[in-house]
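Note that the chains are named A, B and C in the order they appear, and that numbering of residues resets to 1 at the start of each chain.
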Amino acid sequence: MFPRPIQSRSSNYQLAYKILVPVALFIWLLPLLAIFMTSLRPAADINTGNMFGWPSEFKLVENYLTVFRESQAVTYFFNSIKVTIPTVMISVSLACMAGYALSIYRFRAALPLFFMFVAGNFVPFQILMVPVRDLAVQTNLYNTVTGLVLFHAAFQTGFCTLFMRNFIKALPFDLIESARIEGVSEYKIFWYVVLPLVRPAIAALSVLVFTFVWNDFFWATVLTNGEATKPITAGIQSLNGQFVSRWHLVSAASLMAAIPPVAMFFAMQKHFIAGLTLGAVK
Amino acid sequence: MKKSMIATLLASTAIAGSAFAGDLVINFDDTNPAPKEGFENAVAAFKAANPDVNVTVNFTDREAHKTAIRNFLSADAPDITAWYPGNRMAPFVDAGQFEDISDLWASDPNLSQNFEAIKPTMTRDGKQWGVPYSYYQWGVYYRADIFEQYGIGEPSTWDEMLSACDTLKQNGVTPFTIGTKYLWTAAGVFDYLNLRTNGYDVHNALTAGEIKYTDDRIKATFENWKTMLDRCSFVDNHATMSWQDAIAPFASGDAAMYVMGNFSVASYKDAGLTDDQIDYFPFPEITPGLARAEEAPADALFIPANAKNKEDARKFLSFIAQPEIQSAWNKTLGQLPPNSKAEVDSGDKFIMQGMQTVSTAAGLAQFYDRDAPAEMAKAGMEGFQEFMVKPERMDAILKRLDSIQEKVYK
Amino acid sequence: MKKYRQNQQCSAPWVFLAPALLFFTIYVIFPIFRSIWISFYEWDGIGQATWVGLANYVELLDDDRFYTSLKNNIIWLVCFMLAVPAGLLVALFLNQTIWGMRFYKSMFFFPFVISQVVVGLIFSWFYNPNFGIVGKVWEYFGAVPPSILGDERFVTYGIIFAGLWPQVAYCMILYLTGLNNISSDQIEAGRLDGAKGWRMLRYVVLPQLWPATFLAIVVTVIGALRSFDMIATMTRGGPWGSSNVLSFFMYETALSEYGFRMGYGSAIAVVLFMIMLVFIGYFLWVMYQDERRT
């Protein structure tokens, strides 16, 4: 283990470390604590400049209710859900199939195609912006949830395929070989042999894609404009315009936007980290 | 099987339903309380008069609407959208994205008779493209209580204003507040300085690309601006604030004046100021004897060329051109009704002063970003913002604007 | 029967690939080429497009805003790289087994999960000299607080600093996983050779962490070049365009309130794409070497 385990140090050292870690964490999360505290404050605190002191009153519920009442935050929130869930389902399923094809079969195009998915995953969004928007406009999908879902699903397929292909490649190939020898069809092998084995990868990808898509702001601005389709990230932007100088409400709305990915992260932490760090170890 | 049949049934009734009810979709561009209420009331009145029309309104934040419109006009057009006249509507008119409603202007009793003054700004290529529902004066909003406290009167000349600023600064009050993050507020100051230094014709020639930014007359405007920055300083840090953020120092009394449009009055009141604490004066004279021109931008409603229900859209536009509707709407807004037969809210001192200022003006400008083409406006306003923070870069900024002007107006 | 099975083995991959390929081609591959094509046109997105050849690129070479954005992109790339060593540092700090460590680690990772829009909002509020933390701290020391987001000298660094917060968390988690997997034999062997501290890190640990480092560099480069959300929320490229980067400049030119020059915007996007292509090429080359070895 590196660095040297703390347990082999003097007890003073250990104590200092045990104090330092929470202190460091506190500083690290200070920005979040600050907006959390702000979302509890009454408007009076904001106006009198009590931004960082102890709140004079706790208005948690009132502030959140005000956000709901005075804005479209709830609509934005559900729009985000409507965009995110189908995207996760489509991109992960497509990637399972594509990853299977690229890892199990040896054909000449396999590697170039795999690299195409990898490269596509890295391109700057701006090079796609004008044509994708145009495509959405021409297919009447501009400013619709479907339009956003289709694009996100396609784009995330690149990342998911990269992930799935590497994951399946690491599976024992013998399993598939023996199934083939027994005469099981390729489609059944995929369904009955491979899919059950990639469940952890599916879980990891689902949480990751959920987070990526939930937090997307660029495509939300490019492909939507109305209240009825705008996801929460773009919504927060316009709320910021609407709740000018009412930082307690902006904070409350921002936290609301952060809750689903955070909840997702804590609920599926293991998968989440496994997903992000695939490739960090060899 | 059964399920899909029900789905088909539902879908077909949905389509049929929409065809019969006469859906009217309107994209409106203001989410602030007063403008929203004013518009909602107008819609409610329309619904009461036309119960068969099913009106849906999408409210968008003003800044967001400005970028969204280019998308939804071609992709997902509503039946009516809010937008601005003058050069600001030019790209859409030229691209055939707005419906020509000259027929409505000719046949409607209100539009044909009571909108003479504003008709030119709604006109392009000899045709009319929208119906204005409101316009408003610009000028200087100030803290009457602070002025009184230090014995300052409403300045009507440049020297009076500069000495008022001196007094304010001596007492630790920043003379002007402004928030230039979204750039356009700086253009308000520029427009007035230029209108007062050089007059309406020179200003128009500049926004039409006929004179250069390095022209001596425009330089003189910037020299005056320099004086203003020097003696009438603006709040610090304005480059990171929106116009609404900038109300905070005004409300707290740290700053005493704000070059703004009348739509801002509602926000001052929301920030806790009372009618007695705020007042208005027209931007003071700079070059003596120059005919006084004013900024008076109008807000209007347009029918996109791709609208689905143009018939009801026309009905709606002609409905909101009526004097009673315009009176009530603008009373809520605290702005001026374009219909000359409409009543002006005589209980609102800002409106009365605005009416007075605008009706006696020798010329009305729309606003820098509506008078100049978009690309020029963007570069120009960035230049104004930079100048306000770094006045010593004047020559470099003006030269840059010249080169952009050359490109834009070719 | 055998023939059929062989056929299936040939056709099956294409059947499995078809949907993903179709989606990816329509929404990713094809648009790249179309953007390059559009960059040779002058087009406002609603009217007719006019072929202008290389004019957009020529104009770009003469556009101050382009050079400002390019310069800022380079600053982003360089400064954002700090996330890699910083992430390693945090990971080394946290790589212990004390009570509650799992919790600490996940809390440290927390900022990465939050939308950049929210991060941008938090930091623009912090940076506010009148009522943000920066204002309070400076006032405490009796100094006049700087306007970080309103001063062309600081603004880009201010935004990058905010962006580093989630990025360091990301690199940290990569390194934590990497550290978890390094061989203890080699560490012990190193210890026997008298290596410790820096030398141990440099010669024994870091080489083993190479996969994590590589990944951290990849995600950081991409993050730096994609910096859009933060700029859109914090400054919109201001003051007077001084914090602009290519990604936002492109959006501003092609789709914003004052610009609808699709062709010119596409030309900017192509330049950004070319810069990214250098990195993509390198990543693919490294991956290809890996593939050949296995």
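Note that a residue touches a chain if its C-beta (ideal position, glycine included) is under 8 Å from a C-beta of that chain, and two chains touch if they have at least 3 such contacts.
If you're wondering where the values come from, they're calculated on a predicted model, not measured in any experiment.
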item	value
Neighbouring chains common to subunit A and subunit B, by label	C
Higher-contact pair (C-beta pairs counted), B-C versus A-C	A-C
Farthest-lying chain, centroid of Cα atoms versus that of subunit A	B
Centre distance in Å when subunit B and subunit C are each reduced to the mean of their C-alpha atoms	38
Inter-chain centre distance, subunit A versus subunit C - centres from mean C-alpha coordinates, in Å	15
Residue numbers of subunit C (touch at least two other chains)	45, 255
Touching two or more other chains - residues of subunit A	133, 221, 237
Residues of subunit B touching at least two other chains	63, 67, 71, 74, 248
Residues of subunit A touching subunit B in the complex	47, 133, 136-137, 140, 142-144, 221, 225-228, 237-238, 241-242, 244-245
Residue numbers on subunit C that touch subunit B, as the complex places them	44-47, 59, 64, 124, 127-130, 147, 149-150, 235-236, 238-241, 255-261
Complex interface listing, subunit B residues touching subunit C	63, 66-67, 70-71, 73-74, 91-92, 94-97, 180-183, 236-240, 248, 369, 374-375, 377-378, 382-383, 385-386, 389, 400, 407
In the complex, subunit B residues that touch subunit A	27, 31-32, 58-64, 67-68, 71-72, 74-76, 242, 244-245, 247-248, 272
Subunit A partner contacts - residues on subunit C that touch it in the complex	5, 8-10, 12-14, 16-17, 19-21, 23-24, 26-32, 34-35, 38, 45, 92-98, 101, 104, 106-111, 113-119, 121-123, 125-126, 131-133, 136, 165, 170, 173-175, 177-182, 184, 187, 196, 200-201, 204-205, 211-212, 215-216, 218, 222, 225-226, 228-229, 232-233, 246-247, 250-251, 254-255, 262, 265-266, 268-270, 272-273, 276, 279-280, 283-284, 287-288, 291
